[in-house]
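Supplied in structure tokens, the structure appears directly below.
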Amino acid sequence: MMAKLLKNREILLVVAIVALVALIALRFPAFVTPASFARVYNDTSILIILALGQMAVILTRCIDLSMAANLALSGMVAAMLNTAFPGLPIPLVILVAMALGCLLGMINGTLVWKLNIPPIVVTLGTLTIYRGLIFLLTDGKWINAHEMSDAFKALPRLGLAGVPVLSWLSLLMIALMFLVMSRTPLGRAFYAVGGNPHAAVYTGIDVGRTRFFAYCLSGTLAGLSGYLWVSRYAVAYVDIAAGFELDIIAACVIGGISIAGGIGSVAGAVLGALFLGVIKNALPVINISPFAQMAISGTVIIIAVAVNARAEKRKGRVILRKAEAV
Amino acid sequence: MTDAHLSPRNIPDRLQGRGARILKSWESLLLVVAIAIFLGNSLASPYFLDPWNLSDATFNFTEKAMIAFAMALVIISGEIDLSVASIIALASTAMGYAVQLGVDTPALVAIGLGVGLICGMVNGLLITGLGLPSIVVTIGTMSLFRGLSFIVLGDQAFTGYPESFAWFGQGYFWWVFSFEFTLFVLLAVIYGVLLHKTNFGRAVYAIGNNQTAALFSGVRVARVKFILFLLTGLMAGLASICLTSRLGSTRPSIALGWELEVVTMVVLGGVNILGGSGTIPGVVLAALIMGMVTFGFGLLNVPGIVMSIFIGLLLISVIALPILWQRARRRLAH
Amino acid sequence: MKPAITLEGISKSFPGVRALSDVSLALYPGSVTALIGENGAGKSTLVKILTGIYQPDAGVIRLADVETAFPTALAAARAGVTAIHQETVLFDELSVAENIFLGHAPRNRFGFIDWKKLNADAAALLHRAGADFDPTIRLRDLGIAKKHLVAIARALSVDARVVIMDEPTAALSHKEIHELYALIERLKADGKAILFISHKFDEIFRIADRYTVFRDGTMVGEGLIVDVSQDDLVRMMVGRAVGSVYPKKEVAIGEPVLTVSGYRHPTEFEDINFELRRGEILGFYGLVGAGRSEFMQSLIGITRPSAGAVKLDGQVLVIRSPAEAIRAGIVYVPEERGRQGAIIGMPIFQNVTLPSLSHTSRSGFLKLANEFALAREYTSRLDLRAASLDQDVGTLSGGNQQKVVIAKWLATRPKVIILDEPTKGIDIGSKAAVHAFMSELAAEGLSVIMVSSEIPEIMGMSDRVIVMREGRIAGRFGRAELTAEKLVRAAAGIETQSNGRAA
Amino acid sequence: MKILKSLMVTAAVAVALMANAAHAENKKIALVVKALGIGFFEAANKGAQEAAKELGDVEVIYTGPTSTTAEGQIEVINSLIAQKVDAIAVSANDTDALVPALKKAMDRGIKVISWDSGVAKEGRLMHLNPSSSPLIGNMIIKLAADNLPEGGDVAVLSASATATNQNTWIAEMKKVQGNYKGINVVTTVYGDDLADKSYRETQGLIQSYPNLKAIIAPTSVGIVAAAQAVTDAGKIGQINVTGLGLPSEMAGHVKSGASKSFAIWNPIDLGYSATMIAYDLIGGAEAKPGAELKMGRMGTVKLDDNNEGAMADPFVYDASNVEDFAKIF
């Protein structure tokens, strides 16, 4: 029973997070309070949303390196829209950001689908292009807090039942993604395309189109995150979230999503992101130099890959009857 | 699939002559692009065609290109190493630390190369020893190696490198030919021979095309891959020496983001990111193109990020255009 | 009787290749039609057109007299055409039930997948296919035979009118093949039209009602099975009469070359002892999954045995990798040509010289002239058909790829060559070439181990046969005492032995 | 071959579009900043353009990398050397790393000065401090102390750990810490001049030091992010954010009370002065200890033993005046 439980990646990850929190609690008991957890969750919300999108893409054996650049561009456009038309209702601004994110994702998806260019090359290219576009759009100028309308900045911070909207939004996205992944043909197609693209064709699944939709999804979520990021930190400029794409992928890897496609779950992506979030938030609290954070997350990634690879390792065929009994 | 009609027992070695093969190759496309950019630059700025300026411009790509050569082999073998920039940081940190202890130049070089090798070994062991996917392992070691630099240095910097150490990044071999550029040419030749003229290079291609079949054919897959990661580590160490010498100081943020630029250079050079094909001349041309684009745009005071858009577009379009072209031709033929 | 589906005048071309030209086919309800033809005759293309993966360039598909088209795989499935493929095309990470219903899962009124109904329906279908296991378990936890049953249940799930079986017995054991026959009888009784593709004539004569023969992309004959003989079919397939299929030469057997003693592995095999003599062809017979390939792969160092010793020419050898095996003179031509044998993407000559590079090169540097010479020598001995030696191996037909793969290992000038299913999935013409060459090699004094699941091949080519069952040696026979019945008894185990007929 | 042709045309057109005719007779002064797009430097550019207009025969090239890296600045400097500019005035991302490149510039006859954030002595002719470092160090802690009559815990949020000017000011601040009774500087954290990182670091400070009374952020990016984080944590009134910031960016936070006051020198004047000094050097003035260099309407600057000079005192902004200045920079 125990062995079977330990085989489950998600449970293993929960155990690891609990152990980590316990370790932190030894040095800083105040970390283990509902308020503190709520804060860590809120702080990790954007990473969670992004990891969900990346998960869909990785499941189909692709990768999206352009998510952070997409976030920055969509966020910048949202901010520009807000400064140009302060009266525009915020939900509309969010919709525009998501639509733009989706469009950028569609560009990735189309290049992967229609031209068969390897995903890593496509998104490596669009990563620089999207970020460059922000510069062209703004001449590199920042949009600062005072230029944004109060409503624009207030939304993610607004408390609903004592929890900020930002957290609510990420919970909503988790629920939606869970529904998409488990209860819709598209969600199941993600698994099929990544698990066995050759077989997926025979099942009547269009591999390219499924990948395209995965990119649309990751793009839309990046667009949403773009607004959230910009409004939360109340600033938009070319370099926001630079290098964050690797954090997103790291969250997925830690969450047990196989880079080879076909394996992974919503719970895994969320837990992987939370694991990174706990580390990020705990280090300053327990007085470990923030400079150690990078080395720690690197080590965690390597351990996570090793553990997951062990779980995935195919055993040879059991042919001897007596061996089978064991 | 209809090969039955072909006459048996008289199979020619090659169907096309050497000239036709070269003309049709990716490298000739790149060469045309490179020449176009060279001409464009000469027209756009009066400062471009100046030996010293061109010499200065080589510093834009030489260090990255050194790593790109080794990276090309890694990618041809079907793997990837995203930790190279972090190896530069760690090697530079180690050298900086040694300087504080009063170590002299030859020992510094040894330390730089040694740390590079050790980092490559760590990657190699994790990937070939434990059989983990290289893209994830090196994302992990990328954070780990640079993280170690941050732990050592934090907000500090190491400076005070000996005068003689400056030669690697700032010295000239002969006239306008800097040490770095000379090294770049030398390494291009060495890697070209290694990949295209040796059994080892053939093994790299075989592994990239079909790892299992290569193993069954007696290729020592794990050993070859291990050596490849050692080589990228070593090259990152070498690049670290050059860059550190050029900057004269070490910060943990040194060479941040270079891994993607190196991969871009390799892919632009025609190396298939999925492994199995690619050439060193292609990578050399890609390095020159990227260097010239950076420099040309710099002369016009165009911000670096605009040139990165150009590189990004170039990366996608050089792959997409031939595909689109072929499709268009097929449609016309119908 | 009206056909369930008819194809008329179907043509399909690919760049440079005319795969099908003006082909017609009719499948009748409650009847099994065997589709016969050499590899490259166009069978796979036809299956792909029937299942909506390819679109024909010309011709019509009629479903019960109504002209139709299958623009996608889904459209074909909706029209009741379903296929069970050669390789199990399933998804390891998904549950059994999902594998059955992927692409047409039952939905609830909100449009979401209804898991409860999905699992219940799956259990019912599995029951119909003669398998009663939990549909919620993940596919990766099942054995190959059970996976096949899942594939069949999937075929049943679409309420098929037409069921295509593309070499369905290739991966099955003797017992499972008989279960499959029973299932086919049931499908026939249900009135399904079945298209059965196979290379095995005994199988065809056992279950098919009708036949259609393809050659070079055209239909060359069709009719009722009862009206033809095996020889007729072979003649139609190859367009000429085939004489002696097994050109085994009598060779003087020499001294022992390879001695294996006490080889064992924790889960795959144990107690493997035998010796191989000079000039001998030693057949290894057994059902698929009997541990033959696993043992052979441990012999060349792909996996490590937990105990055991090998002597080559009286010298004890420790082999830790294929490289060492090749250096010692033992080579293995693997079963999976596409995955383990040919290196698609590299030219023919580079494929051939890969294991021999240490001979063709000088101090680690390539010598292209030597490589071409070596490649030319061995490919011409094997009668390879290709445009040039720098052609990509992937552009060759399966049979010619296999010749390149065999040439590759022969070029190392081995003492012992292990051929694992050397003629699996290749056309009759190439088969004969491989067999002739094998015989020639033995005559030259090479020792050959031939792993095969085809009884005629084993009986036709071997000097001696070792039968393996469940990882152990289950019988040894000399050429003189060899009968098909003995082989099958030993391979299947006495207690499960049926009537002794070869499968 | 059509692709090749179109590629060639595209490349040529792209490059040609970027080209604009330079007036050869003008003196070219390059204003190299830490990164493009930062409000502070945009304002400095305004000042530089003003100086150029005043001087008449000067063309100011405003440039810099897109993110605050030394390597990016070196590439920019290399291309400026190639363009044979007459002077480079740089605000450095790294004290030491730029030295070799700047030395090369000086070898080729280019006058190099640093301003705002300096480079090591051997890499420039002179350095223009916006204000004297001791004054700034004193100013930032005084701003915190003025609002804390009973004393209390104070934390510093700096920019990147490698920023020369930040480190100098903090060091100067610590020297005079003893003058402010009860003020206890608990830690220094680094936001790398990234808004999000600064925000998160501030959150960490609020968590770790429950008795924190003030945050000193001597960086225009950090002070805004810190004020935002304090606002979000609901700590307005408990924690006062102060330091160095731009009135336009800080006006809202002063109004909300997150920041009671902050200081800054006028970046327009700084850019103006740097350009004027560079022009003076091109004209033949020599930068040596004790020399006085002309800064147009700002008067002159006198160099100390390190060839450094200070422009003016920082100016304090609070609720009474911030709105007026927010319109200017």
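In order of appearance the chains are A, B, C and D, and numbering begins at 1 in each one.
By definition in this document, a contact is a pair of C-beta atoms (placed from the backbone, for glycine too) under 8 Å apart; a residue touches a chain by one contact, two chains touch by 3 or more.
Values in this document were obtained by computation on a predicted structure and should not be read as measured data.
Following the contact convention of this document, B is the list of chains adjacent to both chain A and chain C. Most remote from chain C, judged by the distance between CA-atom centroids, is D.
We define each chain's centre as the mean of its Cα atoms; on that basis chain B and chain C are separated by 43 Å.
Work out the mean CA point of chain B and of chain D, and you get 35 Å between them.
Here the CA centre of chain A is 29 Å from the CA centre of chain B. Averaging C-alpha coordinates per chain places the centre of chain C 72 Å away from that of chain D. Residue positions of chain D touching 2 or more other chains: 36, 66, 190. Touching of two or more other chains is recorded for residues 135, 140, 238 of chain A.
Shared contact sites, meaning residues of chain C that touch two or more other chains, are absent. Chains touching one another form the pairs A-B, A-C, A-D, B-C, B-D. The part of chain B that touches chain A in the complex is made up of residues 126, 130-133, 135-137, 139-148, 150-151, 153-155, 252, 256-257, 260, 263-264, 267, 272-274, 303, 305-306, 308-309, 311-313, 315-316, 319-320, 323-324. Per the touch definition, chain C reaches chain A in the complex via residues 51-53, 72-77, 83, 85, 89-94, 98, 102-105, 111-113, 115, 266-270, 289-291, 294, 303, 470-472. Those residues of chain C lying in contact with chain B across their complex are 15-19, 40, 216, 300, 302, 321-323, 325-327, 332, 334, 339-346, 349-350, 354-355, 357-358, 361, 364-366, 372, 376, 379-380, 383-391, 395-397, 400, 408, 412, 429. Remark: chain D residues 35-39, 42, 66-67, 189-190, 194-196, 199-201, 203-205, 207-208, 224-225, 228, 232, 248-253, 326 touch chain A in the complex. Touching chain C in their complex are the following residues of chain A: 179, 182-185, 188, 191-192, 195-196, 198-206, 262-263, 315-321, 323.
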